[in-house]
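Submitted below is the structure of interest, expressed as structure tokens.
The letters A, B and C name the chains in turn, as written, and every chain counts its residues from 1.
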Amino acid sequence: MRVVIGLEIHVQMSEAGSKLFCDCKADYRGFNVNANVCPVCLGLPGALPVVSEKSLELALATSLALKCEVPKFIVFTRKHYFYPDLPKNYQISMFERAGGVPICRNGVISFLDPSTWEWKTCRVRRINIEEDPGRTVYEEGGITGSPYALVDYNRSGVPLLEIVTEPDIETPRDARLLVEYLLLMLEYLGVTNPRLEGVFRVDANVSVGGGERVEVKNIGSTLDVEKALNYEILRQTKIREAGGVIERETRHWDAVRGVTRPLRHKEYEEEYLYFPDPDLPPIAITEEMVEKALRIAEKADLQVLLGELLKLNVPPEHAWSLLSTKPSLELFRKTVSLGGDPQLTARILAVDYKGELREQGRDPYDPSSWPPLETVLELVKLTLSGVYPYDTIKGLVIPALASNPQARLETVLPEKAGDIEVAVEEVIREEVKAVKDYLQGRTQALNYLVGRVIKKIGRKAVDPRVIREALEKRIKSVRSA
Amino acid sequence: MRRLKQAWELARDFREGVEDPVEHLYNVFEAINRWEARVNAYISLESPDLLVEEVERISRSIRVGERIGKLAGLLVSVKDNICTSFLPTTAGSRMLDPYTPPYNATVVERLLEEDAMVVGKTNLDEFAMGSTTELSAFGPTRNPWDLERVPGGSSGGSAASLAYGGSDLSLGSDTGGSARLPAAYTATVGLKPTYGLVSRYGLIPYGNSLEQISPMARSVRDVALLLDVIGGWDPLDATSLRVDRPRTFTVSKADPRKVTMCVVKELSEGAEEVIEKAYWRILKKLESEGVELRDEKLPVASKALPAYYTIAFAEAASNLARYDGIFYPTKGGGSSWEEEVELARMKGFGREVKKRILMGVYALSEGYRDEYYIAATKVRRVVRDEVLRMTRSCIIASQASPILPPRLGERLDDPLKLYAMDVYTVIANLAGVPALVQTIEFHNGLPIGVQWIGKPLGEGELVSLGLLVEELTGLAGVVAG
Amino acid sequence: MVECRYYSVMEKLASLAKIKLSEEEVESLCRDLERTAEFLRTVSEISRELEVNPLYYVWDQWGPLREPGEPRTIDIASLHVSLKEGYVRVPWRGGKLEEA
């Protein structure tokens, strides 16, 4: 049966510096509980909101990057409901039917499927700027039974982008790919850091076979986007095939159990008493602002960046790997601009180094996990020169760098073949018995000899395989002598 | 009739060593001791010791020739819906009794910068919702001119403190006439500034698209002195106008031959006979001095009152949603979230406040918003445009109050009777323009006021006219008793 | 006495406004609301003829944008809150706060 999916993605503008309406910090993680609060974000009587320049700039850049119709001015509205984590008991947002004007209407997102290298599109209905409420924690009994609720207002007032798509998405996988791509775009635009905990959440609307649509809330990871939608589609399909009817409803994604559950049915239709916020006169979107935002959007155009890589003959998978790990892309571009061979650089960074970071459990998104530009440039040149076999570079040098990216390259280079020969020679002369044992077929003796050579060479990095090879060769030639 | 020296004269005499600020402080203490128990102008008073310390510091500074502020030595009373971090700020409500804000309103900061001394926080109708100062959780304020009568509202405490000499200057607030009606009833002067001229940061909001903190005093020049200190752009208030501090203190008395006055029919009729007679007497007197009187009509004025109240109620419902007991002293004692909130709001709010909130919710709710809220905002546009058009070429003459100061209880048996008291004043709030009320006559010991409505940022002209009128009436500086 | 027309609406309003009302309050407020609503409704008569847009902001001035500044952090304990390990504690399902 035909599947139709629409998404509502809320993303915190974690890189906006300050909260939307006050100077408390936009990235609230790391603060003690209730230590990132002020009269404005606590909604104290008499405190007033003033929109942050940076938040608007980032929102506008996002809007332009998604090819939206940008309005001449934006208007904020109040949405009223009572909840412990909403200090004013209204949320400042942008509701069009009550006079609000959003930052984007009618955009489109083109996103990549990296495994088929296919570009897909999905229309964007609108983008709102709004404030996040605080965070409520429940004790024993959870949201339904906890005697008390505990509230941390550090997050209250953090700037959010609400990005709403048209129901143009056809598979759960596409939904996941869209969200991943969107988050990458936002990362490059300097809007958000996608890896921060809770920095985004997704509500998905899905209908099967032309039936009513069901809203699934509380999806907190890109993998869950696919999982939740797969579950929900299956659930709906089963009902339809058994002759049942799907009713319009809102369900909650339980990530732990992997199911969607119905939310409690509300008695009254939600009444939010929307009206334009009298404390926030409309804000003009000037040509100057648009130009500035356009420059940000252009520098962050993923399709263009990808195109540049492909033009340099970087294989597509490497290109995508670089792009999706921003520090590696930046390193790549700088290296290549200074003469580094593009294909080799891409391979070293995107495949070997990145793979090694994973192995060692290090964070590839942390710029300090990567070596400085000079080191990378040197490494690329060295690899090209063939002084060391690629195996050595990949098996020894890169792992060593990965565990200490600031190390100078020469300190992690193994002994060259020539220097080994001297040590090999000495060891063969000294370890007569071991050599005899090896010749008689005891292969462990070779291991022992390798160890002796390593010891003799001292603290310098060595590649045991090269030593083993050299020993074998030398012993053979000695024997035939 | 007793008169006190005008505040600006006192300030000058302090600076020149002609008057002693310490002695003045004790005079004011004496007035408070004599009157306060019966009048109840104040909710809280600053500690006398602290004030003595402060005035002695100022006195010393003057003696050694140090630079002192424009308001040094003067005692300012502040309406209790304006945040002070050094005195509780209750908004006249149980809900905030006792609540001490963690910050000062911008206007308070500006007062302190000019070395003013805040003598206390004055009584008001709860959350500024009322026209008589009988609806406070702290008891009614009585009119020093006749203790059986009200001082007007909602800034009745401010007006009364001036009227008995318990303060030199006062900050009130005006949403629909709340600083002007009390001025008319207590023989003081009240000026509602152009919307946005004075920062609302720190004003506990009621009708936030309508209200302004308003300077009140016993003379026109004193009001100008105060306005110049508190007015001007505040980056913390997004509705604040991007203008410099006003300079109205130094304007000269108007030349009557250069004044054009629009006598608007709808704003001149409908008052008690004694008031009408007094009104026409002053207009004729002004005409004889050379003022040009022009007859004008403002048909939409008949709908100004219901339009005003619709918008005010809607904004009130929204602005008071935040009072749910979490941050504030009045708790619900409930054992579920909903119960806690509902009980806290039941206990914390008085009857009139509850009524206005319910009415506001009604006006904004889905089925009724077009008929009530939207309709009112449309009427508002017409009112504003008409008033702006008219005031481009003249100052509007208007009644201040339809009745003499009523007795306590007289206006409380029917909601519409209370609302009707604002019939002449709301128009200036709807249009955003400045308006001044001053006394023209006394009738059987009760003051009668008149209102002048100016063009946007036309406070200087209003002050100028006010000075002329004061000269004609000789009533500047009068006090009760 | 004729029942106040707003009776059924009152319950919804009180629920939206989250204010608990006693029986007597409902009665007397209902009548006040009735009178007031009638008075306010007169606006819609003339607004129907007016072909203008609603006015939400009295001046045609654009709102300002805020440049970066220092946070004006306050200590939440200075408010009338019940704290548990730094969190603001509110009744949820069954818990009661100690009377202030």
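We adopt the following convention: contacts are C-beta pairs under 8 Å (C-beta built on N, C-alpha and C of every residue); 3 or more make two chains touch, one makes a residue touch a chain.
On a predicted model such as this, the values are computed, not experimentally measured, just so you know.
Engineer: Suppose chain centres are the mean of their C-alpha atoms. Which chain sits farthest from chain A?
Structural biologist: Centre of mass proxy via C-alpha means gives B as farthest from chain A.
Engineer: So, comparing each chain's Cα centre against the centre of all protein Cα atoms, which one is closest?
Structural biologist: Taking the mean of all protein C-alpha atoms as reference, the closest chain is C.
Engineer: In terms of C-beta pairs in contact, which two chains are most connected?
Structural biologist: Result of the pairwise contact count: B-C comes out on top.
Engineer: Between chain A and chain B, what is the gap in Å from one C-alpha centre to the other?
Structural biologist: 55
Engineer: Centroid of chain B to centroid of chain C, CA atoms only: how many Å?
Structural biologist: About 24 Å, centre to centre.
Engineer: Roughly how far is chain A from chain C, centre to centre by C-alpha average, rounded to an integer in Å?
Structural biologist: Distance between chain centres: 41 Å.
Engineer: Could you pull out the residues of chain B that touch at least 2 other chains?
Structural biologist: Within chain B, the residues that touch at least two other chains are 99, 102-103, 209, 235, 238-239, 317, 321, 324, 326-327, 337-338, 341, 361, 365.
Engineer: Among the residues of chain A, pick out those that touch two or more other chains and give their numbers.
Structural biologist: 39, 42, 44, 50-51, 82, 84, 149, 151, 271, 273, 275, 278, 280-281, in rising order.
Engineer: Could you tell me which residues belong to chain C and also touch two or more other chains?
Structural biologist: Chain C, residues with two or more chain partners: 16, 18, 54, 56-57, 59, 61, 63-64, 66, 72, 74, 79, 88, 90-95.
Engineer: Which residues of chain A touch chain B in their complex?
Structural biologist: So the residues of chain A touching chain B come out as 39, 42-51, 78, 80, 82, 84, 87-90, 149, 151, 269, 271, 273-275, 278-281.
Engineer: Contact residues on chain C for chain A in the complex?
Structural biologist: Spelled out, the residues of chain C in touch with chain A are 12, 15-16, 18, 54, 56-57, 59, 61-74, 76, 79, 84-95.
Engineer: Report the residues of chain A in contact with chain C in the complex, numbered from low to high.
Structural biologist: Touch list, chain A to chain C: 17-18, 21-25, 32-40, 42, 44, 50-54, 56, 73, 82, 84, 99, 137-138, 141, 144-153, 268, 271, 273, 275-276, 278, 280-284.
Engineer: For chain C, which residues are in contact with chain B within the complex?
Structural biologist: 9-10, 13-14, 16-21, 25, 29, 32-33, 35-37, 39-44, 46-48, 50, 52-59, 61, 63-64, 66, 72, 74-75, 78-81, 88, 90-97, 99-100
Engineer: For a test of understanding, state which residues of chain B touch chain A in their complex under the given definition.
Structural biologist: 82-83, 89, 91, 96, 99, 101-103, 105, 200-205, 208-209, 235-239, 314-315, 317-318, 321-322, 324, 326-327, 337-338, 341, 361, 364-366, 369, 373
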